[in-house]
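So that you can tell them apart, the chains are marked A, B, C and D in the order they are listed, and the count of residues begins at 1 in each.
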Amino acid sequence: MIKTSFHLAGIELKNRVLVASGTYGYGDDCLDLANVNRLGGIITKSLSLKPRDGNPPTRIVETPSGMLNSIGLANIGVRKFIADKLPFLKTVKTAVIANIAASTIDEYCEVLDLLEPEDAVDAYEINVSCPNVKEGGLSFGTNCELTAEITRRLRTRTRKPLILKLTPNVTHISEFARAVEGAGADAISVINTVIGMAVDAKTRRPVLSTITGGLSGPAIKPIALAKVYETSRAVKIPVLGIGGIMNATDAIEFLIAGASAVQVGTANFIDPATGQHIADGIQQFCEQQHISDVASLVGSLDASSDVSVIHSWL
Amino acid sequence: MIKTSFHLAGIELKNRVLVASGTYGYGDDCLDLANVNRLGGIITKSLSLKPRDGNPPTRIVETPSGMLNSIGLANIGVRKFIADKLPFLKTVKTAVIANIAASTIDEYCEVLDLLEPEDAVDAYEINVSCPNVKEGGLSFGTNCELTAEITRRLRTRTRKPLILKLTPNVTHISEFARAVEGAGADAISVINTVIGMAVDAKTRRPVLSTITGGLSGPAIKPIALAKVYETSRAVKIPVLGIGGIMNATDAIEFLIAGASAVQVGTANFIDPATGQHIADGIQQFCEQQHISDVASLVGSLDASSDVSVIHSWL
Amino acid sequence: MIHAFCTVLDVHSVAQNIFVLAFSSDTISATVLPGQFVSIRTDESTTPLLRRPFSVYRTKGERVEIIFNVIGKGTASLSRKHAGDLIDIIGPLGVPFNLFSEDYDTALLMGGGLGVAPLPITTERLLHAGKSVVTFLGSRTAAHLVETHLTNLHVATDDGSKGFRGNVVELMQNVLDDKRFQKPKFFVCGPTAMLRAAANVAIARSIACEVSLEGPMGCGFGICQGCPVELLHGERKFVLMCKDGPTFDVRRIVI
Amino acid sequence: MIHAFCTVLDVHSVAQNIFVLAFSSDTISATVLPGQFVSIRTDESTTPLLRRPFSVYRTKGERVEIIFNVIGKGTASLSRKHAGDLIDIIGPLGVPFNLFSEDYDTALLMGGGLGVAPLPITTERLLHAGKSVVTFLGSRTAAHLVETHLTNLHVATDDGSKGFRGNVVELMQNVLDDKRFQKPKFFVCGPTAMLRAAANVAIARSIACEVSLEGPMGCGFGICQGCPVELLHGERKFVLMCKDGPTFDVRRIVI
């Protein structure tokens, strides 16, 4: 028997494969197509205090081995989530992680406070890639102090695991990782989408209604692996690796690079059962390689040279 | 007749398509396969003061719609370039732009000083994605002040066009663009490669000898377009767009997003005649669209909404 | 709704750049309703990365047919499939046309270009249900027309190479001006501009009208929020094309 | 060296998972030398993105053959080509084996796995030049052997299903112990571990030895600097596999 389970700051995940925020709705949309009980956890669509309509079309466009999205955090709002979605999520046999988005620090706190009494919510993931209305809309997640401040404020309000989801669109993501670790985060998720853009040459218009959007999918896998490597060497708390994971081999690469668990995003759109297939695939890999605990893959990169992420000539 | 030529700070390029540094050697390697005289310009492999052997194998690996490289700036050194390569480059009927790399600011100056008397060198492109030995190897290009300082120092030593090539691996590339514009740069090139990594799950080793490398090719095109859009709105000097350009449509997208010219990189490895095909394709597009000067494509993005790069919810 | 690898039965060209692909799935064949679609992973590759949606064209026994134009990588790849190949399919998906309401007697089907796709299956089920059916079909030239499995057909081509010269909505208006149909209702599928024109006619003449929308989809089954359709009124601003559509009453949405 | 779209003449399986693809190019056929390679864009897609290098296997008239193992996307795509398809090829590339030197009489050819690829064209040219040729071929099992167009063949398989049980370098050593060859020289192609073993034998016995290396390539014609091969001595640390190789005298390089 291979040990697949994993303790994330007090909660036990049955395996190291979760579905990423915004790529699996509230967990109840794919019941015909997948078995959520075979996942390590479900991370909800980002929840805001008020329901959000989201951005006008066009919201998505395919790019080489990737996609851009500009959904605009369309979501039903935290109250409706509690009323309409939590009853189902109480019945699932997998960890439920509520992802929170907001445009002020107070709002982050309010959303968390509303969720805090709900036992069905096992942990929080905080999406800091949100426009900060107080700073003219610059993303919280590109400001290290604000990111730490959000962490500190939320930390005082909950004992449940607090996972900070970092944006890759910064110079040194490890600074952010260290800052949120210092501020009390239990884990970090790396990475959110990479800023990108698509142009329609014929109409000379941006394809997305918001001009730029977030790049995801296999195209960003190399970027995500580098960020996971960088962050996992900078902090002691676990790193959840995300970005372009399509199959078990991809997931294993993230574990080796330093991720304690992985999240599957865009791949769910192609097959919402990807997560469970990956969980099975990791187990098979361990069997073949005579590994008794998936934990021993984590951070097992055999890097004889020690050139660091930022110090090499390319 | 469609006007394709373009004035770049005093030098005239016959068209807006150049080949990117490090992807075309010193211009003399592909004579059987392409006609360099049909390009707007050739940008040399980065030249350093001393010859560089480059990194040990493995130096390249393919990724979904992209590739990672860690060549280690292998080059023959500026003196051998002048002695062995410039004689050929004197004979070509296209602009010759020498790309310079160094690990101290003084070294940038020394390399430029050696090239300055050479009439065959029409302009300089400065690669700031190099490890700064004085700062423990952190890349110059991630430090805005150092990048401006390099620009200022070089500006005093030459009247030839000075192009700063920026790295995308920073939070706000527009800050860097404004800083080098203020320090006297004539143009900026956007983008150099994106930091990425590949892992071999079976051996649990990094694929590249330097662990991380630079991601290029179609996978990064959306990222490059966003950076070109961001920088071209931040500065008045021309932006040379680079990143994943494979064909004329890609190139036109960059022009529309704000690039005054484009550089073709990775595509040369697949077909070193890509640049000339793109130049032809841009001309055909203009014919079809009844555009008389390619200049009118530049920055012609019709963005009715004005959500900025960093201010939108994704 | 199922997710399965289905066997390709045959692929053949039926008009210029237009192909019909048939695959075998008794579940889809037995459960699909007119206006619903299937979502196909055309390749195992990451280019294209996402599934591609296609209306169901016809069914027979366990045979399910789609019809498509070769536009980009996904459809090019489908056109090169061979009998016996397996393709990864999710379906049936989406809300079908509301065919079985009592508020109309004559179904006026209208298809522009590949908007013909859902019309044969619609025709078959309507005739079976005892409705009258009249069909309007438009395309660029005669070479792009696929006229089979339709009934009471009126044809328009942009270049006049067959039937009425002009667009299909104009043709339909001419016919409406001439004839009187018993309690008509429109079912329209085609490019957005045509849907808009048809909707305007319907509203002006107080005729019920359902359209089948097209547009980019990320997933096809409601989890990506990538396919918003703006509501004319209601508490929410958007519904989803894949889950709440692709068929809509034109009085509900902004086209 | 040319860059052209060449017509596929045929593709057929010759052993387990191993295919021969023939295309038409009078220029390549007329100019290629043993040990040189062609670089093929297997798809117009961006996955795979880069060209793939393949040794030339045989030539006849304007017919050029390569032989390959289906490993990943590129080779899978090649295996699905049909006669009449056009493929984008650059070649011939690289430095050929140094066959026509006077310092040897007997060429000892050695191939491991798909390392057999350059041996038939090498054999033909050597016999034509009046050299003696002895061939050693190794593979996992008999099902993976491609023994045609070779001469004086000694075979080894890992599982002993044909010929000597063990690796081809052991077999070759046994034969060397038994027989005496007139002024021999090795020409070796195969996996790196085998090249290393063969080189060690050559050096220990003072036999001249050239190997054909394999490894990742970005471009195949010298502009990406992606294919370094370490020199044992000399002013430069690295040469390029694609331009200065893929064939090297083992006394020059670190394998």
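The rule we apply is simple: a residue touches a chain if its C-beta (ideal position, glycine included) is under 8 Å from a C-beta of that chain, and two chains touch if they have at least 3 such contacts.
Just so you know, these numbers come straight off a predicted model, no measurement behind them.
Q: Out of every possible chain pairing, which has the most C-beta contacts?
A: A-B
Q: Which chain has its C-alpha centre farthest away from the C-alpha centre of chain B?
A: With centres defined by C-alpha atoms, farthest from chain B sits C.
Q: Taking the mean of the C-alpha atoms as each chain's centre, how many Å separate chain A from chain D?
A: 46
Q: How many angstrom between the C-alpha centroids of chain D and chain C?
A: 54
Q: So how far apart, in whole Å, are chain A and chain C when each is placed at the average of its C-alpha atoms?
A: Roughly 37 Å separates the two chain centres.
Q: In chain A, which residues are in touch with two or more of the other chains?
A: 55, 64-66, 69, 71, 217-219
Q: Touching two or more other chains, which residues of chain C qualify?
A: 46-47 - these are the residues of chain C that touch more than one other chain.
Q: Sort the chain contact graph into one of these: line, ring, star, complete or other.
A: Drawn as a graph, the chains make a fully connected set, so complete.
Q: Show me the residue ranges of chain D that touch chain A in the complex, using the header's touch definition.
A: Result: residues 46-47 of chain D touch chain A.
Q: Write out the stretch or stretches of chain A touching chain C in their complex.
A: Those in contact with chain C are residues 22-25, 29-30, 32-33, 45, 53-62, 64-67, 69, 71, 74, 217-219, 246, 266, 268-273.
Q: In the complex of these two chains, what residues of chain B are touching chain A?
A: Residues of chain B touching chain A: 52, 55, 63-66, 68-73, 101, 129-131, 136-139, 142, 169-172, 192-199, 201, 203-206, 209-215, 217-223, 225-226, 229, 244, 249, 252-253, 256-257, 285, 297, 300-305, 307-314.
Q: For a test of understanding, state which residues of chain A touch chain D in their complex under the given definition.
A: 64-65
Q: Looking at the complex, which residues from chain D come into contact with chain B?
A: Those in contact with chain B are residues 1-3, 41, 46-51, 88, 90, 215-219, 221-230, 236-238.
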